[in-house]
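Alright, structures below, take your time with them.
Consider the two complexes below, in which chain A is the common component and chain B and chain C are the respective partners.
And now, the complex of A and B:
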């Protein structure tokens, strides 16, 4: 009962957050200057042509009405049409979103276990040689921009030791999974950042959990270390980490936006950059809202994981 | 520390100073970074020691000229973001109430969105300029600062010295700036370098995505020249290494420095 109420409250907060995101996106891209109509017609258009185009695009009306319409459409998964190609935004972004989603999913599948493992080892052997080495590597890996890492990876593995493709173009009509080797370098670039960053936070959570009375009690009771770690320490360390992995997802979507460019990967990055360059407001807002929705859902899922794992919440739920 | 370690640290500091020096003073030494001097992607030659880029321009000149935009704007913007975050966090933590709710909610939203998305939205609305980049850094950096400040303020408010100062009749402003601020400044400034590194990254990312000033820019050079990496690697390697040294130095060096000064 409590569990359900908790979930409903979290979902409510998620919807509220998405609404604020929508306001921010709309304000950022429409209320501020920057005119899709004149941008799509080019510099030689006459004033009348621009006015006509503005009317076609529906941007000549005051913004509050357009905002309400946009939100009402978004709820029905109708994000408007691209001012450049005239295609519905949802159709336009489906393929790039799937490509980026695949990249993010593969990266998450590699980074999350890696971060858990490294964080656990570092946290349990705090200030040991391994911990200090990992911590130094992590600071460097987190600091360097991801496109720099990607560029250096291409340099080393596609130029100096030509073992991997420098360009990650999936075969026509297929996905990157048909040629898994093209995913190696982009996933490595993203994982270096993601795993380094998340493992630091897992480490802190493990250290905190290690200091709790119930873990100490389990140790003092003479339970084998394996049992102490898996049954008692990890469940206490997971809740703070679940949120971290939701942040990680947001970071990965941001990271792909630049890493894809290095590898010419046909994901959302190209869509977003083209939208900004052509003042294609509907596409930019649509992609922004979709990304925000994915991230918000990840945060709700993180809360669900916490509820499933954290024994305190479970007891309260019964 | 052993002598060997001192030598190692000394070398690192020299490297960092060299990179920052190139970024700040390189434009004075750069010849003509926009001039076409040869075929695209030529290898090193006596005239162009680092070869040419995708349009046949001199890579060395572009490296020398392309660092400054990545230093000035990020530093100014990060300072602004820190000040704004401090004020918002202090106000939210001290006065609580509606302001606090609104600020926390907005922080949460801004922190959840990928910074690159915020960058693209503002580039869309305003186009590239120093103001746009400052706004991007402030929008992405302020929530970090205000969250830390708010949490530290909430803790400080409970402490005896704050209660005592308030009880002796000090005004709110005096309590905030004389009592709370000095006591929370350390954790707030502790990751100034991290935020500066993020600001440098975002500024370079704008160039990398093709939205820079159009002039030479280390971030832009990486995406411009990555396609010719097999013909000549220098147009990617040199700006990438310089940019990497700069962000790591900002993150590690400045945070150590701040930690030492504030101790």
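And now, the complex of A and C:
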């Protein structure tokens, strides 16, 4: 299989995945009790008023037509209009999505090198004192629920040692980048879990790579350990690590909600809570699809990285 | 102004309120309120005026809700709305007061009401308040997409007329003696004729909406306010979803006042000398109930309803489920508010409860419940223990808060369920919740009762109407379907020295706040 064919197959799978996600999201909205029409009118609305509102929102039409319209719109990056505010969903979620994206990006920028470093050190010193210590710390960090970690961080760094803000409040008219200190605690909370979890997988990948014949051959050939690690062992460990970091990224996009709530970070969680409250299905479906797309792209990129470092994927089938 | 003795009514529990409270679990979402009459001048205990005050409030103000009285729902949006707009009438400190209205008088049979307006009031853009503005506002408030349109259901909207510059005539579709408390006090913000773009709101209130960014809304004092210049130059209303985060932000100095903290938070911070916990008292509270539907078995038997009410230990429920931040209730909504019948405290009587259960042949019950307000599940579990002592096994059917109100049309089909109301004047509560078509008529009131309710509402004479509603409360106390066990107080916290926050129908007003001298 050539690299191109590999890529095309992966892209095809990505599109199919997104389609399935779209079906699930749409079906989920359909079967949930209540709808945007009755939610926006309140409990005193008459049946006629609800029907009229349903017609205005277009939710009275049969679902196949609406689904096709929604998908066709999504392809053009038109995710419909919020039933509450009347704004396009894309406009409505742009700022919160960017804020969550920033949080995820900073967390990834800290977590990935940290996890690589810790995993590498642990893997190379397998079963040593440092490895056992790091393993124990990682298990603890992964086991504590995020809201507890976040709460402890607030207690220590905002309450007992008041050095950092307790909530992430950007300046009026600005973003988190205008007041970077508000990112510190949310990023720390997310990194503790993310880096600890990913470092365990990096460690395992390093141990596996260390046991491969070509690494062993490099050592037997008398190459310096630095060269063995950087030229032979690390490239062999990249494929599983790339997948791991794609998982990490997707986990962060889907899992920042708790941290965003504790720190009142102005990300997607607030938009989602408001959308759930108002049965704003257009926003819920749109955000779901956007997140799914981001996650799928992350995995495709991971595949590209794997392809780049694994010659077998580039030449196989020739 | 103090001569107006009417019933207030907080707005009908809205869907937004219900689901919002359910999702977020904040106890303070209990309805809406209206500004108090601006008395002019600070009343905050001799402190200094404040250049800027940051307020942490549940829910962020959204673009579509900010400054739009037709879309106001809950939390921070109400606070913004109440500071930007004045209303015709309000409930302040348990009293009905005129705000933009100077008088509101009925004709002989209460089918037509005449509103005389205060003179000398100007909107933020300098235009004077005129009768035409009131006509426009009332029609807009009473018409969809206004989410308070139902409040105006009894008003003949097209026939509202401006008699002269400061007089408005409001005809009703049927006689209603309770027009002031059932309509004007509930929701009557006034905006100028022709205002349709509520992203640039124009009211006559003590603040103007200057800016909205992210979760923060900035309000600036209206220097020309007819009620006197506000003592706080700028208000920053910051939407903070989580009650714990609001308290953390207050402790870290990021906000000066946190609206809605948990009972646990209040207890933890009780000894903190830097903070002051503000308790709303029963007048600003959720009324918590285990509602029995009188139309459904076994609660169609009055003995069963009475037995359940006698088996409950209300003080234990308040102490345990609300950590003491509440007051015991006696089955009728409206304590500490106008028109409350002041019924005798309902004492626990296990022997009587056992006897009544035995007579009715009831040994097991099922309660639909969920954490619809903080503490409700604990209260339900405690009720199960208390009923067991009376010989009845209570099974709890637990639902998640967001599923609890998913289908409003079936709410009144459950025999026994945990429920909460806004504590509002009894007459207003009974009118809004216990009539035949109310989705929240979860106690299944009888047709005879509803006939008496309609007659009470139509009574033009204030005293006679109050007496009629008192009789309805007594009937509800004796035979109604609520085991209303506690008032869950609004709990806020503020920086030490911040004084003068007014609580008006569960909405905080900051225009007369003073800071440390």
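One rule holds for everything that comes next: the second predicted complex is superposed on the first by the 309 of 318 C-alpha atoms of A that agree within 3 Å, B and C clash if a C-alpha of one lies under 4 Å from a C-alpha of the other, contacts with A are read in each partner's own complex, and residues count from 1 in each chain.
Basically, contacts are C-beta pairs under 8 Å (C-beta built on N, C-alpha and C of every residue); 3 or more make two chains touch, one makes a residue touch a chain.
It should be emphasised that the depicted structure is a prediction, and the values quoted were computed from it without experimental measurement.
S.K.: Give one word, clash or fit, describing how chain B and chain C relate on chain A after superposing.
M.R.: Chain B/chain C on chain A - steric clash.
S.K.: Could you tell me if A:266 is touching chain B, chain C, both of them or neither one (first, second, both, neither)?
M.R.: second
S.K.: Determine, under the contact definition given at the top, whether A:276 touches first (chain B), second (chain C), both, or neither.
M.R.: After superposition on chain A, A:276 lies in contact with both partners, chain B and chain C.
S.K.: Quick check on the superposed pair: does A:65 touch chain B, chain C, both, or neither? Answer first, second, both or neither.
M.R.: In the superposition, A:65 contacts neither chain B nor chain C.
S.K.: Kindly classify A:250 by the partners it touches after superposition: chain B alone (first), chain C alone (second), both, or neither?
M.R.: Touch status of A:250: first partner only.
S.K.: Which holds for A:113: it touches chain B only (first), chain C only (second), both, or neither?
M.R.: In the superposition, A:113 contacts neither chain B nor chain C.
S.K.: Count the residues of chain A touched by chain B and by chain C, then name the partner with the higher count.
M.R.: On the superposition, B touches more of the residues of chain A.
S.K.: Per the contact definition in the header, classify A:151: touching chain B only (first), chain C only (second), both, or neither.
M.R.: The answer is both, since A:151 touches chain B and chain C.
S.K.: Regarding the shared-chain residue A:166, is it in contact with chain B (first), chain C (second), both, or neither?
M.R.: In the superposition, A:166 touches chain B and chain C alike.
S.K.: In the overlay, answer first, second, both or neither for which of chain B and chain C A:25 touches.
M.R.: first
S.K.: So which bit of chain B gets in the way of chain C here: 41-49, 77-85, 95-103 or 185-193?
M.R.: Between chain B and chain C, the clashing stretch is 41-49.
S.K.: Do chain B and chain C touch any of the same residues on chain A, and if so, which?
M.R.: Common to the two interfaces on chain A: residues 32-34, 151, 154, 158-159, 166, 261-262, 269, 273, 276-277.
S.K.: Touching chain A in the complex: which residues of chain B?
M.R.: 105-106, 108-110, 112-118, 120-127, 194, 197, 200-201, 204-205, 208-211, 219, 222-223, 226, 229-230, 233, 236-237, 240-241, 243-244, 247-248, 250-252
S.K.: Looking at the complex, which residues from chain C come into contact with chain A?
M.R.: That would be residues 12-16, 19-20, 23-24, 59-60, 62-64, 144-145, 147, 149-150, 153, 211, 213-216, 218, 236, 238-242, 244-245, 248-249, 251-254, 402, 406-408, 439-440 of chain C.
S.K.: Using the touch definition from the top, list the residues of chain A that touch chain C in their complex.
M.R.: Listed in rising order, the residues of chain A that touch chain C are 32-34, 38-44, 49, 84-87, 95, 151, 154, 158-159, 162, 165-167, 169-170, 172-174, 261-264, 266, 269-270, 273-274, 276-278.
S.K.: In the complex, go through chain A and note every residue touching chain B.
M.R.: By the definition above, chain A touches chain B via 17, 20-21, 24-25, 28-29, 32-34, 139-140, 142-145, 147-149, 151-152, 154-155, 158-160, 166, 247, 250-251, 253-255, 257-258, 261-262, 269, 272-273, 275-277, 279, 281, 284, 288, 291-292, 295-296, 299.
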